[in-house]
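Here the chain labels run A, B and C in written order, and each chain numbers its own residues starting at 1.
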Amino acid sequence: MVVKQEEKSVFDREELMTGTDAVAEAVKLVDVDVFAAYPIRPYTGVMDRLARFIANGDLDAEYIVADGEHSQFEIGKHASSVGARAFVGSSGVGWLYAMESIGVTATDRLPLVALVGNRALDDPGAFGVEHNDALLVRDLGWLLCWASTAQEALDTTLIAYRVAEDPKVRMPAAVAMDGGYLTHSQHMVRVPTKEAVRDFLPTYDLGNRRMHPDNPVSIAPQVNEDWVMELRRQNYEAAKRSRKVITSAYEEYNSIFHSDYEDPFIEETNVEDADTVLVGMGSAAVVARSVANEMRREGKKVGFLKIRWYRPYPTDEIRKALSNVSNVGIIERNFAMGAPDDGAITMHDLQSALYDSKNHPRVVDFIAGLGGREISKKEVRKMFEMTADKKSPKVSWIGLRE
Amino acid sequence: MMQTQKPHLIRLEVNYRGIFQKTLAYHISGDVVYAAHKEGKTAFSNGRYSDDPQRNGIPCANFAYFSKDLTEEDLEAEASASMDITEAEVVVVLDDTMVKGLEPWGGYGIRPINEKVVKDGVVLIVSNRKPADLIAQMEKKKFPYRIAILPGEASFAGLWYFKDDMTDVRVLGAIAKVAPEIASIDTVANYVASKYKSKEKAAAARKAYEEVKVSTVNAGEGIDWPYPKPILPGWKDFDEGVYVKGVKRGFQMGPRGQNRNPDFKRGTSKTQRPVVRFDLCTKCTLCWYDCPDEVFDPTTDGLYDVNYEYCTGCGRCAEVCPVEDCIVMVDELKFENQDSPYVLYKKDPENYVKWAEDKKGKERLMPSPVTGKGSTVSKVETPKPFKKGVVK
Amino acid sequence: MVEEVEEFKNANLYKGVHAVDLEELYTSGHRTCQGCESALVMRDFVKASGPRTVVTGATGCMYVANTSYMTTPWIVPWMHTQLAAGGASAVGMAAGLKALMRKGKIPKEKINVINFSGDLGAGDEGLGGLSGAMQSPYDLLVIVYDNESAANTDIQASGLTTWGAQTTFSPTGPAKRILHERWKKNLAAMMAIGHPNVKYVATSCATFPPTDYMNKVKKALSIGGPTLIHTIDPCPKGWDYHPRYSHVLGELAVKTGIFADYEIVNGEVRYTYDLRNKKRTPVREYLEKQGRFSHFLDEDYEYVQAKVDEMWDEWELPGILPIKAGLKVKK
């Protein structure tokens, strides 16, 4: 690969990093002011690395070891309220322990950024990945996206700050990644320079909502039924507006860092002329893309669609991408007990998006890789085949011992 | 085309003082439903949810609805009884000082007690006052309605110690008089007798039925309501991010010198107000120091003015004042306005003292520590004479 | 009289009530009860702290009652925080301000960071977060305003409710006269003893003795690091007494010794109202004035009196540290 002259100026180095390392690097690059930590596997690597930055003098920030995830997220929220750029994160039940705080951070419209290292929910205790933790906040007013590679994790974290802090948005953002996979596997990552990041990400300014003696405000007074709907509508509009802000953030990111994020929300692999398409998020995308390419070479009209931003949901992008597809299968690393059709969570959003589209492909659901179980190439191939087969059931568990 | 006949519907509102009359109000709004039910009517009741959590003294409301012909579901739909109502056939007022207006929540302005009463409806007030005195504080309506007075003092108690002075059953008896369509006095008396297993209480209900005096309020009687009703903004008309601007910092010595929350005054919580004999004041500061509503305005001569717009009438100032009879709590209905007493005093100290003593009268009410145990009354024979030369 | 103590010589303590600042920074127009003592806890801390202050209020009476959207009685910046987040909210603000000042993003100055939380928030659900804040390196003050109940939810018992009190979670009835059988949690001492780094912990009553509470706020803010003040707040609504008597009850809480009034400065205990070896006002005088104890029999008054006497006569640190003298380490 020929490295262009100008690329040298925006990148500092290439380094072997895990997904959590890459996020820590991004947090350092955005010159975060406050971060709060509490240990839980597998997200915690990000805090381990940030702590080392502090110890080594590589990062000037207030570093707080909290007494629990609830406090951890509240610390982040209130640091954000005084105008400090803040960072937190968690996994699995830790994320749930912080849930009250997660809810109010969204309704307070504070642009806190959090890493979710996806982890199965207890009981029994399990370290492996499931997406139920992050998906629980999908309707609360958080921006929510999944990174599949370490490079994407770094890029997405920088973009998350940019979108979250945009005055038209001002919503918290969660960057999710598959625990045990991306959190722990190491890949070469191109690390931008501080200067280039500064060009991309303006200074955090909460404007007239900043808690400071020079700006005396009262934030979140008690409301009665005469106010809640109007406030919800304001937040609803911000979530709608965030789509455009995300698009322009990626455009600028591409132009500064020469990245090739074609569509910010989704990533298509051979979808355009495919009959059969699998849809998925997170690390499963890496395997699925590989299988999709392999099967193409065999002459099969299959494709893979990765969803990067889950909130705001890419309704139009998905409708357009699947407008000529006959069969859609979804790889779900989550469960939903007693849900419609007994399908898992993301199937319902996808089917809902397709309901008002002209094309109504057959949709089947694959529950796979729960609790960190591997999703192999063989299994992805099986999912492609089952998706193409009109006789296959609506929901199938893949990789389950019978 | 068939004309839909308007269904039979009676809406009753019980206005009461938060906490002090909570138990009482729930007795009334519940018992009146039972009584109507005995007569085969459809009825239900509810409390205004946004009043909770209630605060001592703040105006609150319960509602009850009755119909001869609607099902309970249709009645609920018709009354749209979720949070608050806009019209009522019967408005019950358990404390007559509420005729001065109601402000249960911030940002809604002070609303008239008879705001919801419909044409030919009735406002039933527990009071020892004459109707004319009360009407003189109420908003004028474009149509005639009735005012009914049930003789009696407002019954106050706390959360745990309830004062059983029969106000609840007396109000039921009065309702039977002013709105017999809800339930007849016989039904009410029989219900009361069986519920409380007390002939005495049934008799009290019947006695109240006889005692209550009803008169007509003509269209145009009353006052032009001085307080505007704020308009709630649409979602695009206020900033995002659940915040409001703080009260602007501002202070200077003298009456109204302190900036206060302009959109929520707490004056309608009070049943009494402190009357201050500035001439007796030793400038100890304790009234100002102990006031939980920050209503005392310091003045350059060391005295403290009272801002009655914000005073909730708790009586702490009177309790901590070390000078006998210097601060005395006086029935709120004796006052016509919220004017600064300090300004009046400075204008004419001797006359002010005369005025203050006139308001204070000869009786002093001292509430028991436990509210429901009532008050003791003592007589003042000779008021303290005007003391010259305190103000420097 | 305010003692001139070396460590507080820069705290600008009020020398008597006439010296107290006249301007309000928490002002009229709040939906608190008539006679509310906690409203004074609010008004007075911000008066003592001054305009360069940021405040968070945990869910509770002093949140819901004070600020009815779109109105506010606050002149200084104030923000709601969750019931259990009092400590964390102060840490978050203090950390944020510190970082922004150090990095030159906002001008360097002393901004007081104060959280207030109720007894339910700070004493029960938020105890872990409070502990976290007390371990932090930041200059912050947490004020626990204790009206001995979930007064915002219609008066339910908390871990700091006086033994035997009627609450909606502990009504009196024919089968159970006393349903609330927990003894009041010893919050301030627990925080002081469990967090030896904390330089200042105090208890107080907002209005008795006058200026004591405001001066304790000034001391806490001037000494630095995380600090805590626990106030006893008579509540006319939940304790069921006439609002006129809030001051009387606060004074009695202190004079009967049921609420020990003290400060712990750099590990040294200083009794504000020393009731060791002194005649204490009988606790019955305090309890009888409250409807929440209207179901008490003689034996109940005697039980509470005996416990209060034990606190003052037998504890290792009277009224503070509940270890009886004579306790020995096993050899």
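The criterion applied here is as follows: a contact is a pair of C-beta atoms (placed from the backbone, for glycine too) under 8 Å apart; a residue touches a chain by one contact, two chains touch by 3 or more.
Being a predicted model, the structure only gives us computed values, none of them experimental.
S.K.: Which chain wins if you rank chains by how close their C-alpha centre is to the centre of all protein C-alpha atoms?
M.R.: Central by C-alpha mean position: chain C.
S.K.: In terms of C-beta pairs in contact, which of A-C and A-B ranks higher?
M.R.: Result: the pair with more contacts is A-C.
S.K.: Please indicate which chain is farthest from chain C, where distance is taken between mean Cα coordinates of the chains.
M.R.: A
S.K.: What's the distance between the Cα centroids of chain B and chain C, rounded to whole Å?
M.R.: Each chain's C-alpha centroid was found; their separation is 33 Å.
S.K.: Find the geometric centre of each of chain A and chain C from their Cα atoms only, then give the gap between the two centres in Å, rounded to an integer.
M.R.: The computed centroid separation for chain A versus chain C comes out at 43 Å.
S.K.: Distance from the CA centroid of chain A to that of chain B, rounded to the nearest Å?
M.R.: 55
S.K.: Could you pull out the residues of chain C that touch at least 2 other chains?
M.R.: 51, 64, 67-72, 74-78
S.K.: Two or more other chains touching the same residue: where does that happen in chain B?
M.R.: Answer for chain B, listing residues that touch two or more other chains: 105, 238, 242, 244-246, 249.
S.K.: Out of chain A, which residues touch more than one other chain, so two or more?
M.R.: 216-221, 223-224
S.K.: Touching residues of chain C toward chain A in the complex: what are they?
M.R.: 51-54, 56, 63-64, 67-72, 74-82, 84-85, 87-93, 95-100, 102-103, 105-106, 111, 128-129, 131-132, 135-136
S.K.: Mind listing the chain A positions that touch chain B in their complex?
M.R.: Against chain B, chain A makes touches at 107-109, 170, 208-209, 216-221, 223-226, 229-231, 233-235, 238.
S.K.: Report the residues of chain A in contact with chain C in the complex, numbered from low to high.
M.R.: Contacts found on chain A: 31, 33-34, 36, 60-62, 64, 66-68, 70-72, 74-84, 86, 100-101, 104, 203, 211-213, 215-224, 227.
S.K.: For the complex, give me every residue of chain C touching chain B.
M.R.: So the residues of chain C in touch with chain B come to 17-18, 20, 22-37, 39-40, 43, 51, 61, 64-65, 67-78, 151-155, 166, 207, 210, 236-238, 240-248, 288-292, 294-295.
S.K.: Residue numbers of chain B touching chain A in their complex, please.
M.R.: It comes out as residues 49-50, 83, 105, 232-235, 238-246, 249.
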